[in-house]
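One chain, chain A, appears in both complexes that follow, with chain B as partner in the first and chain C in the second.
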Partner chain A sequence: MKTQSLGSIRKSFAPWADPSEKPLIRFENVTKTFDGFTAVDDLSLDIYTREFFALLGASGCGKSTLLRMLAGFERPTKGRIVLDGEDLTGIPPYRRPVNMMFQSYALFPHMSVAKNIAFGLKQDGMAKSEREDRIAEVLKLVKMERFANRKPDQLSGGQQQRVALARSLAKRPKVLLLDEPLGALDKKLREETQFELTDLQYDLGMTFIMVTHDQEEAMTMADRIAVMDQGHIRQIGTPPEIYEAPSSRFVADFVGSVNIFEGKVAKKTGERVTLETPSGGVIEADNGGAAEAGSTAWYAVRPEKLIISAEPLDGPNVFSGEVWEIAYIGDMTLFHLKLDDGSILRVSMVNRARSSPLQLTWHERAWASFAPDAGLVLVR
Partner chain B sequence: MAASGMGKGVFRRVAIGLPYLWLLALFLIPFLIVLKISVSTIATAIPPYTPTFGDISTWLDGIRQFTFENYLWIASDSLYITSYLESLKIAAISTVLTLAIGYPLAYGMARAPQRMKPLLLMLVILPFWTSFLIRVYAWIGILKPEGLLNQFLFFLGVIDAPLIITNTPVAIYIGIVYSYLPFMVLPIFANLDKMDGRLLEAAADLGSTPLRAFWTITFPLSLRGVLAGAFLVFIPAVGEFVIPDLLGGSRTLMIGKTLWMEFFNNRDWPVSSAVAIILLLILVVPIVIFQRIQDRQEASR
Partner chain C sequence: MNKGWTGFNIASVVIGFAFLYLPIVILVIYSFNASQLVTVWGGFSTRWYGQLFSNRGLLDAAWVTLRVGLLSATVATILGTLAAVALTRYTRFRGRVLFTGMVYAPLVMPEVITGLSLLLLFVAIDFDRGFWTVTLAHVTFSMCFVAVVVQSRLLSFDRSLEEAAMDLGATPARTFLFVTLPVVWPAVIAGWMLAFTLSLDDLVIASFTSGPGATTLPMKIYSQVRLGVTPEINAVCTILVGLVTLGVITATLVNKRREVKKSREGELAMA
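Take a look at the complex of A and B:
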């Protein structure tokens, strides 16, 4: 499969692929139910030292519950969580070597920034001088030195986010948990902070586990992503694996934008399959090893893998339709083609030149096509 | 347009003016009357003081008769000073006791399951359905030597002679704490109930035990409610009359009782008015402090 070439961005870093590597955190068949509602369902997961791991899913998928169980705020109904060889069952949150950065930041409103950061250090009985050094160090790390004496309500959202981060880093936890860390920031600040966080994580050599519903955030920051749905992990993989080799229609659809064709496997020769769609279309596809001849399968192809033309195109996998929507986004243009069977085909085109040679407008006929290896065949 | 604008203006003025009218009619004017009586002289007449302001032509003459004698009298007689101090002491101790009982109650209510809260709140307010006077009388039935409490303790065999509680300060404390408990519980509950539970999770996450988290996070953040409750108990408790009269017996000196005796037993309206004015001045101090703190907290938001 082509997926083998889709590795981590950090080239030499792939502890999950090394069988001799021991995971730092193990979720072992963890189940959590609330009044009959199963939030996390018999879930097992290994996370490795120095990894930046993202739990990605829609709200209510169980990702926050998973994080809260690791922090100790919730107890697993079944199963156990092991951190660095130690079973965490029954250990209260205040004795766990993990710290959490809360979605709402949860800064203590009656304490200054410095006191907020000192709070955790005082619990450890750290000496005053050492404490002050540590406070100065983490404030420098998040570039908030000038705000040490401010109260949280005198700070902007972005500044509060930095203080919350500094506070959770101050105790140098083995694992830092981040619950939607950038959720409350505006887009520009969020993008900047994403890179700062990844740099920080790399420099500190800490293990980060992040919960997010924002796939772009997960893709940008994480080494590996677990896509969650209804208490289950649907797929674990590096960002390119999740995007280019989703294991199911759910993951393909959840992460990014995708066109999915349903069809019967009419012919299969090795990896190459021919799908016949209900409306009579034919799709020639590579990467079809998992599909069985005669069964139903789906072909998933991302909009940017298609080309669009105002003239008829040659070759396999050509579809024609009416231009239904055009969205000019700036860096790219998104077309919705309404095919003859009524379904919508999404095609995106990168605007390399300032004026596009393609002069398509609404309700004109257009042709789109993709290579057999542009997408992949899914059987789930 | 102009007419409706004017109509609005009139409405606004009425809306703002009404509370002031209310205060003027029911607070400021009675206050001025009491103030005036307090600088009058006792007389065998109806009303029992002089000067009275019947005829406008005698007003100037009447004002010349004003005297601070009553205030000097109060300052010179240890009875009044002792009464004031005793009232302040009883009110202060009662406030501390009410806080000690009310805070855990409010805390328990705030931590109770959401669906239980309306019921618990109801239970706190429920005693108000019975007259205050009847409830204080009921305490006599409970606390008197042959009362329910002593009978129960006899039954248990804990005591062999009845506990004397009525007509002692202990009975006053019980009465005040019981009567004013809702005024302590409600503001503290309101404060604790809206506290962000994630702050405690954050505290636990940073290594703080639940007990330390209470003293470093919960309690400081609920101080505003504690303060409101403390003043709501302390201020009326200082001037309390019914409870010391019914439960405290004849030996208790609280300023409310002294005032009552001065007014009804001695028929000395001027001195009892002066007692009331001084009580008001004493209470203005904590009220102003309370306002200051409220304003400061409002400003820091």
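Take a look at the complex of A and C:
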């Protein structure tokens, strides 16, 4: 993997890049099989204190199994998990210093909000007065003070989500596990809650590990993202790294939208390579250090990195085709160009002005181009 | 929607309900018959009810039935609930299908066979027949009814509730006691009531497994009826019908009230 200056959004927070930093959680060669099906395959992963870490993947990729092994609901078939220097193997869920917020919230229906939060504290034998202080504290944190005596079924979905969060925070765990924490909320509420949760994590200085299938959610909230597929981690990185420097076609395609050209490396001079596509197109690409002359490689470029025009364009990497689809989304317009070899090229254009000078319509000829450094060459 | 009553509809309802309730209505009416003869109406009277309470045999039988019912229903509920938990929770142990089938077998087993086999067992191990044997027999056959009721509730139970409890530090035993049991409690109560009712009106199994001094009410009624139906028996049966009706009405009202409360709370949450 080549390194670009695609750092963390939170400046100066990058414990994973510091070799002297000790990880809080270590997954060491963890494998989990269920009746012959391998959910997690020989996976190793380090997560650091105060990190907001996201496990991103489609359903069935093993991300939830990984989280449940950390919580203690599943036992690794092979390998071990170490938390803060302590091997978690054989420690039951009720003795682990982690708490989980469940996708279904799992609020106890027969208990009030306050009793739900008190449940975990009671198991620790905390004194009543201290317990009440703690309940008030976490309810204030999630702005639910007024609802202490309500039962869960007297709350809306968003309120239940807050109570579930408060309950899992009440014991001040070393690590908070969030299983699709915003999955059941509607879009608007989800966007608001994303920022609240990030702020909360930052203010509390707690380590959060989140499982999600929603890339936008992962990108918005996490310091680092692990993209998972079939029990393996395909890439770990900060959101800009994952988006701008994907390590494989799988990651490039999974996160965001992308155009991928396949071609033979015809020429290579340092980082600069020339790809020849099967249909005779030529791509001049920077960032091609990993590709070998004569081999097959792929060039991945995001739709927003292309420009589109109704007139022929100059320079390298110009493609022309027929306007096949136009999607006006509001903040941007998405074009599908059908190239002469039949493939579709996606180009998006930000609508900076209220009316676009570009008057393109269906079935007209258009030209699109991108700079050599707009995308990157992938060899996997 | 057409709400008009057609002649056909009315006839259906009348015949249906008559089929179900006419025998009971007749029994209730004749329990207030002043005449000694069961089939001849001799005017209204409550004398049989009065006489009932001085009938030592019937009262003793009722007391036995009540004790057997309370005890066997309670034991059956505990065992049945545990069986249901085991069957829904541990889905991957060997012989689960066989075990499930075996728990449910008494549901379809002819009572005569259950009674006979229990009798043979008690004789074989030289267990004196009486109150305890009837109680044990009732536990045996009502336990599977409880297991069915509780299991159906457990199947729709959100397992993440138990995981959440353990995640918050509760041991498996505390999780069961403070989370699982309270949530499935209505099903457990329903199972208990079913077991109690089954025990209350069982004649066949009690006849096989009972001994001297442990005659249950159904046995007593049956033996008296063989000597001829007396208005006194009608009175006992009327009281039983009354008790059952009262129970059903109470259960319905409690349920209804909870539903109303729930829907009101639902509106509150929206506000």
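Rule of thumb we're sticking to: the second predicted complex is superposed on the first by the 377 of 380 C-alpha atoms of A that agree within 3 Å, B and C clash if a C-alpha of one lies under 4 Å from a C-alpha of the other, contacts with A are read in each partner's own complex, and residues count from 1 in each chain.
What we mean here is this: a residue touches a chain if its C-beta (ideal position, glycine included) is under 8 Å from a C-beta of that chain, and two chains touch if they have at least 3 such contacts.
These numbers were taken from a predicted model, which means no experiment stands behind them.
Partners chain B and chain C, brought together by superposition on chain A, clash. In the superposed model, A:R80 lies in contact with neither chain B nor chain C. Look at A:H232: by the touch rule set out above, it reaches neither chain B nor chain C. Looking at the shared chain after the overlay, A:S156 reaches chain C, while chain B stays out of its contact range.
By the touch criterion defined above, A:R249 lies against neither chain B nor chain C after alignment on the C-alpha atoms of chain A. Applying the stated contact rule after C-alpha superposition, one finds that A:K264 touches neither chain B nor chain C.
With the contact threshold set out at the top, residues 71-73, 92-95, 98-100, 102, 104, 106-110, 119-120, 123-124, 151, 153, 167-168, 171 of chain A are in contact with chain B in one structure and with chain C in the other.
Residue ranges on chain A touching chain C, taken from their complex, read 71-73, 92-95, 98-100, 102-104, 106-110, 119-120, 123-124, 150-151, 153-156, 159, 167-168, 171. If you check the complex, the residues on chain A that touch chain B are 71-73, 92-95, 98-100, 102, 104, 106-110, 119-120, 123-124, 151, 153, 167-168, 171. Listing the residues of chain B that touch chain A in their complex gives 196, 198-199, 201-209, 212, 216-217, 220-221, 300-301. Per the touch definition, chain C reaches chain A in the complex via residues 158, 160-161, 163-171, 174, 178-179, 182-183, 262, 265-266, 268-270.
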